[in-house]
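Read through the structures below before going on.
Shared chain: chain A. Partners: chain B in the first complex, chain C in the second.
Entry: the complex of A and B
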């Protein structure tokens, strides 16, 4: 299973995602931002970080790079695309998932482990969890507050993938912190599954996100 | 003009003429205390710097020790005190940036940051502003570059009001075979300058760091603070790593204090060589910069590579990929001189030796007289004292700070902020630990024992995690060394630090001295910040939280009536006086070894938690263990090992005596563990219940109340 890991100038979770994909049994490969043809890949992950320094707005500059055209093709080919943290912000900025991720309610960077509820298992990434399962993963972001005007629509269409359980640290609407497109193949999550892929680091609850990609037929 | 008369004379003798204005400027920065260590060098020789694991000791950008057969740890420490006092956000950010570059320039990937921060009291509005923006500066910079900030410390005290201290440790990992150094050994090699463009920022950064601040500094010296750019830094990091992988890099050095002058003269000087630099080749950020400005600029995010002529094209291709400005700026020569040319015409010619090795200044040291009378203090109710200590910003939870730092990126952080030290994964079996510590109050009262105590505490912290101390790096923050009293403090402190380091055979492999931390007559408490790295097996990791009800609590090490200088005196009575806790080298060494020995041979995992005793004494240490574990404890102070029968309960609970550790042990293994301990130790209580109870009703307080005091303290001030 060949999985493209997109690198922008300023990505900083690329090596971590690469490592987690290997742990899950995948065959990851780095893809530089100027590559346009991605159709040789079976799936794509956009890792976190601060693409282009998050200057202007998180994800804004990355969203107009050539690699985005390639990702749109991959989406048309009905292959899984996962955006994590800055990757999620980029997918929202491009419009491949509904809504936006904007400044946290306290306007500060927050790094902590949180409890999450898996609210939809129809995406490849959450297919190995049980619906309603509570998992632990870290968050680390300053612009992670989810907002959408189409809250009823995404609820009705089963596009809400992850919610904060208990505390809602960044003030997201309905505590939502992971959403997918209508097909369920494109998924954007703020928490970091790759940081919860080894029990020595405190949790391996996130590994199934990557195993789910490998299991995708 | 900061060169002294004797330095001017020395320069004239060396040159056989007067320096021109460009040369004068270059000499001026290289002779600054910040670049030359001209006051501190003779004293720093006291430090032990060698050991079987040391690959590179002091003298380069960072020190290097062996971690495994294949890997080495690169570690360095830097202060950015003056810039942070003037412009906290940019000052702190570029502090991080500088030390990160030092690690990269040894060929390593930076993997962890720690920050030791000292500010004025939180009641003071300006101190809150500096605190908030220093933390934000660190957060924005470290998080963006993708290096986890895994630990550090924060102190608030009046004496840091005008002169905050911002000290940063960075650690990196490198394959031993891939280590590079800041050298230019081969004549004919090429200097390539890469990264940020050279602008007018930071000119005279080092000379302003080598003077006292005044109230005008905030306005006058802002241009001396560099402007950081974490995004470019990230590109510089990635491009450097790719260059090291693909091109034969002979030498590599970052541009920090002293800019291009310092970088090129030190690289050439180390190999006994000279260098030639053509100014018109340097990528500039603004037009019409003078040679003086170009050579003295401390613009950030710049690196100099030394490569063979045939490798230049491949190197430039890599920088092009990352869209980083880069240019061939000169070459290594055999003249022993640093020659600066403009359009081919020589405009400066100085010996690299003269620049990089200025004469040492023998400073006078004099013990200050203590005039204050010792005040007798009444004891207060220990429970009230404990709650008050827990709620003082110096002891209370620092969550407000470390929440803003990404401490998980790079997926290495096994033990996260909030414990005695951070634990970071090296491979599937091994981990390293990192901590930084300092007690500036002790050092003020007694610089020898304050310095010794800082090393002892940092070692205790890595030992508490189950690791063996590997190396020390330090950042010594003092006042004006031209004052004999300050220089005496410095000398005594270094002696104390050296004695503990020697006892533990733990070498000091890198460090930084920051003098002139004074503003209009207010001198900071001497603050020797000590970072220690340790090495361990992942299976040996211990944390401080109480784990199981029924576990027995063992205290290792003796408690002495040592309340002077303690948090109890300072936070409760507002008094700093007397003789601070003394460091006994033997007992410090024996206690630490006893703990390490127990953990290493603990096949049954009988030892469930370990914590050292420091600020706030035994009472605060126990409360921290209980709060973290969510379980209480019952303590009997009459069991505490003490030399002196007449020691009071307050002294037993709040003395900050050194050489002490708290362990919890599963009760079925208690006898076996006790039989293995050959240092003063005793069972002082049991982990149980939802309260901390001491001697029945001396202290009897719910965990919730302890938590209430300990948590949310800084948040209240910063809301």
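Entry: the complex of A and C
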């Protein structure tokens, strides 16, 4: 399965995601921000980092690059698209997932391992977890506080994918830290599954995110 | 004709503003007890258009497509002939 790993100037989790996809048995390939044709890929992952220095807002400038047109095509082709951290912020800026990830409530960059609850298993990325399963993955962001005006709608439509369990470190609405689009194929998560994909990293709870892509269909 | 454009971007009413509350707490450390601290981002540039109306429409487009996020932001546009 050929999986595109998107690179912007300022991406810094691209190689980690590439490695995690290989561990999961996938065939990853880097894709630069100016590439427009992505339909040869079976899935896309937008890794974390600080694309374009987070200027204007995290993800704002990446959201108008040519590769986004390609990603919109991939979405139309009903293939899985995962955005992690800055990738999640980009998907929200594009409007491919509802809401926005904005400044943390405590105005700090938070970097630590957190407990999370998998609240929906209908996305390819969470299909290998049990609904309600508690997992551990790290977060590393200053702009991760999830906010949406459509909280009832996304709850009713099963678009809430991950929630902080116990502590809500960034002040997200209803402790939400992962959401998907209506189809469930486009998913944006602030925690880093690639940083929890092998036991040498202290946890391999995140590997199923990538195995779920490989097992899709 | 050239116009000076200024876009003022603020958070929608009721939105949490961690930057403003941090500033307010820092002011309190210096002994300034202020309330209602807010921050506004200003983006300025010059634009060459046939009329002020067209310039304003163009800048409004920019706000909706890039400069603001409609989920959390309100914006004001000021246009003046250069």
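Just so it is clear, the second predicted complex is superposed on the first by the 217 of 217 C-alpha atoms of A that agree within 3 Å, B and C clash if a C-alpha of one lies under 4 Å from a C-alpha of the other, contacts with A are read in each partner's own complex, and residues count from 1 in each chain.
Just so we're on the same page, contacts are C-beta pairs under 8 Å (C-beta built on N, C-alpha and C of every residue); 3 or more make two chains touch, one makes a residue touch a chain.
Because the structure is a prediction, the values reported are computed rather than measured.
By the touch criterion defined above, A:147 reaches chain C but does not reach chain B. Within the superposed three-chain model, A:109 lies in touch with chain B and out of touch with chain C [touch as defined at top]. In the superposed pair of complexes, A:64 makes contact with chain C only, with no contact to chain B. Contact comparison for chain A: of chain B and chain C, B touches the greater number of residues. Judged by the touch definition given at the top, the superposed model places A:100 against chain C, while chain B stays out of reach. Of the two partner chains, chain B is the only one touched by A:16; chain C is not. Looking at the shared chain after the overlay, A:194 reaches chain B, while chain C stays out of its contact range. Of the two partner chains, chain B is the only one that A:54 touches; chain C does not reach it. Contacts from chain A toward chain C in the complex involve residues 56-57, 60-61, 64, 93, 99-100, 102-107, 145, 147-149, 171. Across the complex, chain A is touched by residues 15-19, 21-22, 65-67, 69, 71-72 of chain C.
Listed in rising order, the residues of chain A touching chain B in the complex are 9-10, 12-13, 15-16, 19-20, 49-50, 52-55, 108-112, 138, 140, 192, 194-195, 197-198, 200-202. Residues 136, 139-140, 143-146, 229-231, 234-235, 238, 322-323, 402-414, 416, 425, 538 of chain B touch chain A in their complex.
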